[in-house]
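For reference, the structures are reproduced in the following blocks.
Look for chain A in each of the two complexes below; its partner is chain B in the first and chain C in the second.
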Partner chain A sequence: MSAWTVIAHTEVGSGGAANILFSSIPQTYTDLVLVFSSRQETATGASVFINPNQLTTNQSTRYLEGDGASAASGTLSRIFTADTPSNATANTFSNSIVYMPNYAGSTNKSFSIDTVTENNATTAYQRISAGLWSVSTAISSLEIIQPSGDINQYSSATLYGITKGSSGGVTVS
Partner chain B sequence: MTDRPTKLVVDCSLPEGHPDKVQIIPLTDAEIAEREAQAAQAAIEQAEREAAEAEKQANKESAKSKLEALGLSEDEINALIG
Partner chain C sequence: MPTATYIALANTTLTGSVSGVTFSSIPATYRDLVLVINGTSNSDNRAFYIRFNGTSPDVDTAMVYTSNNTSATDAGLYFVTDTTQFNAIINVMDYSATDKHKTVLFRTNRNAATVMMSAGRWASTNAVTSMTIDRSGFTLQSGTTLALYGIIS
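Up next is the complex of A and B:
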């Protein structure tokens, strides 16, 4: 069995925040998982960007998406996850889980993202994505950035370190 | 008070409860400029995604019309292209 260890958890306070940055990430785990729940102050851009090592380059994502009315797929030159916009039902927050295997290794880094916005109405996004950061450097920091406005109070982010089990695999128990 | 945007910085090397574990830091001018650039890029990419989806839908409608003109029923067309 693997072990999930909370490396850090934070919640956005009053006034919101433009970015959340996890710095000095220990290099001692097998994988990383980011669990993120958020809402933003504007109605535009129901996404936040994820910048490994605070870098915005060499990123790409392929995604499958539903918005309550139709399905879509595509690519984007950024790694991104959902952020519930301000015009969604009050007090609803997005939910995301981002899995980053072998984050401390010396190969390109992959991001498996399962994410939804929340809304008590027709339009809400659900998306699965495969992200790639084409850089072999170990991930030592993770930045979550909402460029359109602040991330609202009560949004939260938890970073887990995953330690593989003795079998060599990673199993959630 | 200032309305300068802030970032929430969590130092993962420090233990819980350490006074410097979580800091709220105003963005620098360079960070604000970078954020604005990312917002502009996000808007462009959103527009591109919407345009691509609209083109895909238009092509689908066009294909349906052409198939109807060939005499296919709606059920037959849906069986082909959904």
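Up next is the complex of A and C:
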């Protein structure tokens, strides 16, 4: 039995979308993984925010990034991934994987985030991040939203649930 | 029905403070292993080692890492813990092969201090049959979860 289960998938249609929202997430899995590909409809900024339970508070991210020329690290008081702006090479999209262990637990929620932008030019971003939502409430919804403007048509997102278990005779002590 | 490729092998949720956890009797039937750890430790910035088959942490092991703006090499295969919520995701490639050394990829996510990625090597051709996660003198705290998965190629 596979530990991974597809919970939901969506693709943004014509005209774009203000956000992508996964709601009524079952509490029956151990971890969640959000995989998405996106592009924004504005040229400003290059980020996407992730809002657990559609809340924007108690969030922070520590990141390490490279842009093709230099490396940097820093923090931001949001949980975020990189995004491809509208002035990047046509038809290119960012890709992000957000791992959320123990999303249904009663402790603060830590995130592991890998993200890259695409651009057939000298500058594109790759970033690894440690996110934290300092809230003990279980995650029951996830919102992907741009800081400004809409999410471009053809952006897509898939939410997976991972279930822990025991098999193969492995013991733990 | 597609073939399942990501199989849950074992897991534990700590009910008290422990210095180490061991996954034993790992069968050789998978291609790779993935270990996911989420929780807290009793002290910040502590390297918890991955020890294969009961070997000592600094024997036949080495890794290179990037943490925030620094990069370095070190002996041992480890992730770094925190007293606030951290997670670590560890991939062990070709763990059952007897004709190659084992490559390990680590991600440590300590929101309070560091985000870290590492590539390590266990210089042994022995198949991995057990994994111990520990650090002498320090503990993983109650509520910390460890889950081991096997990936089928």
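The rule is short, and it goes like this: the second predicted complex is superposed on the first by the 163 of 173 C-alpha atoms of A that agree within 3 Å, B and C clash if a C-alpha of one lies under 4 Å from a C-alpha of the other, contacts with A are read in each partner's own complex, and residues count from 1 in each chain.
In this section, contacts are C-beta pairs under 8 Å (C-beta built on N, C-alpha and C of every residue); 3 or more make two chains touch, one makes a residue touch a chain.
Just so you know, these numbers come straight off a predicted model, no measurement behind them.
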Checklist outcome for this item: The answer to whether chain B or chain C touches more of chain A is C
Next on the checklist: Under the stated touch criterion, which partner chain does A:128 make contact with: chain B (first), chain C (second), both, or neither?
Outcome noted: second
Next on the checklist: Quick one: is A:39 in contact with chain B, with chain C, with both, or with neither? Answer first, second, both or neither.
Outcome noted: neither
Next on the checklist: So in the superposed three-chain picture, is A:72 touching just chain B, just chain C, both, or none of them (first/second/both/neither)?
Outcome noted: both
Next on the checklist: Going by the contact rule set out at the top, does A:10 touch chain B (first), chain C (second), both, or neither?
Outcome noted: first
Checklist outcome for this item: Residue overlap on chain A between the chain B interface and the chain C interface 72
Checklist entry - Which part of chain A faces chain C closely enough to touch in the complex? => result 1-4, 30-31, 60-64, 71-73, 99, 101-102, 105, 107-112, 128-132, 162-173
Checklist entry - So in the complex, which bits of chain C are touching chain A? => result 4-12, 21-27, 29-30, 36, 38-39, 66-69, 84-87, 89, 107-115, 117, 143, 145-150
Checklist outcome for this item: Per the touch rule above, chain B residues touching chain A in the complex are 5-14, 21-22, 24, 27, 31, 34-36, 38-39, 41-43, 45-46, 49, 52-53
Next on the checklist: List the residues on chain A that touch chain B in their complex, please.
Outcome noted: 7-8, 10, 12-13, 15, 17-26, 44-45, 47, 49, 56, 70, 72, 74, 76-78, 145, 147-148, 150, 159
